[in-house]
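Chain naming follows the written order as A, B, C and D, and within any one chain the residues start at number 1.
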């Protein structure tokens, strides 16, 4: 089992993608670019008859995510939160809860997760609500929230100048490598 | 000028809607149910040639929002953040920034905003990242973030049992009424 | 059993005290003004021989706190956190953990808690870190963190103009009264 | 001008101290161990006649802090916030505001700051309120909040196993060295 990298940017090769690529380079990973798929907003059938869920790519994507044991969410910080693509994908987890809650949570609770968020407005401070949102998400799903990196970038490539973010990513890599060697 | 109420729920008549209706009852308000419109994810042209933005309902909706002087975001707390519908709508503000930044910010910075978030997992605590996300959003746009209410509800109607949330909503109403009388 | 109100202000009759008085008016309460007692900073003997703890008023105060079943922390927001008096008192809980962890946690985990914080710099937003700090404190001790009020005030008496804070306090009172009647 | 390192632990040679020593090793630094000084709680004379402030070590310490251009707060995470020693010291800044607000803020607004917090209960997540508290503190004083490190440690020496924290500290050092070379 390896790593599911869930890219939330609406563009390719941006800073959050670059940071994630550095993180997982050399590790077995399934790269999932949400912008390449059709994932519609959740329908809320919690308290009504269960109607049809959107017939889109959600099931295919969540299946790929659940097959890995490490999750890396790589999202640009859009308006101080995860991108709409990322959020809409996570909202759909409510569908999986409705379809098979026990199995869904059993799988997620066996995984570890990391979050990479890249923005250009003081991300080490203003990215904190994004981190705390994921903190509660993973607390609910029982997923171990191992770490996060808040990097600075605006123009593609900027992230390569954020030495603190690069060092943080390398420290995560180092931890993975050590566990592989055990 | 009145109030733009931006409903982020994917269902009608849920708790966040009920709370918002109590808040604006008797005031002039434009009720905007995001679930009734087609608003696609943002395209990121910040650092590429400006391509086409989605041909959907965004322009019509943001126009209605900008016509009012009070903004009320009424969103269910989905996965500890604003709903995907709400987030996707706000992500599109980047399009308005690209199209006419000065005018867009001039309008938003003249407005006041309130946020109503309703969830069922300790919303007074776990809704805090949502509040902080809006805090930074409004800080960026220069909008006065006057207040928020984090209410508890799951099944439609639950919110009517959250006396603290109802009292908070009534206190906001009272403030509006007093200013009207001045 | 009643309410322990722990006042953290260094002055008497300030806004946080006034808000707390409104909250507990008519209920059985033990009013504990930390400024009237000598509570020294914690000594950290976690990983050394246990030396002497300060011979001050801590034991007398914590005894009074533990005798009640509701805790109300009423603190001015000093520098965006609880007052030093409040923090120093809570730091000393580590002494109680060292002296009798099981009994201390058993008692605290049977209680409910509310926090009142009053400041004058956008307390509804900038008081959030204070709330989250208490969130983790009570999570550790197993205490039910029932609610909080972030009020605005600077000059004594200002709090009487913060209708949202007053309404929030009244809603807590209402909840207490309803439970008494059951 | 160099670095003022403000140690908030009640014990010497603990993890937060070790992390700070690694950070400033080789740089000109004034090491200020708050536990070695007498700093009493603030008296609040904001709205009363100005009485006597405590006759203790505060003035001597704040003078040393203001002489440097970089501030490093190294505090254990006690009860999910800065230590009482740290908080009580910062509370006293209100005295400096009362004594000479313009000069005090002019000096602090010309400085840069870093915060090191070390705890043993998920510090990367539960240390966030501490970070946000300092965020607002430095926002008020106009100090540039350049970065923070949340490290894990309980027994002295634990911090040397937290590779992410060590890497973060080294990245800050690297930034300092680069600026020195310019």
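Everything below uses one rule, namely that contacts are C-beta pairs under 8 Å (C-beta built on N, C-alpha and C of every residue); 3 or more make two chains touch, one makes a residue touch a chain.
Note that this is a predicted model, so its numbers are computed, not measured.
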**Request:** In contact with subunit C and with subunit D at once: which chains are those? Just list them.
**Result:** none
**Message:** What's the farthest chain from subunit C if centres are computed as the mean of the Cα atoms?
**Reply:** A
**Request:** For copies subunit A and subunit B, work out whether under half or over half of the interface numbers are shared, and give different or same accordingly.
**Result:** same
**Prompt:** Which integer distance in Å separates the CA centroid of subunit B from that of subunit D?
**Reply:** 38
**Prompt:** Using the average of all C-alpha atoms in each chain as its centre, how far is it in Å between subunit A and subunit B?
**Reply:** 25
**Request:** Could you grab the centroid distance between subunit B and subunit C? Build each centroid from C-alpha atoms only and quote it in angstrom.
**Result:** 33
**Fill in**
Flagged in subunit C as touching 2+ other chains are 128, 132, 135
**Contact footprint of subunit D on subunit C as seen in their complex** = 9-11, 14, 35, 41-44, 46-48, 76, 78-85, 87-88, 90-91, 93-94, 121, 126, 128-130, 132-133, 135-137, 140, 154-156
**Complete:** subunit C contacts subunit B in the complex at 124-125, 128, 131-132, 135, 145, 147-148, 163-164, 166-168, 170-172, 174-175
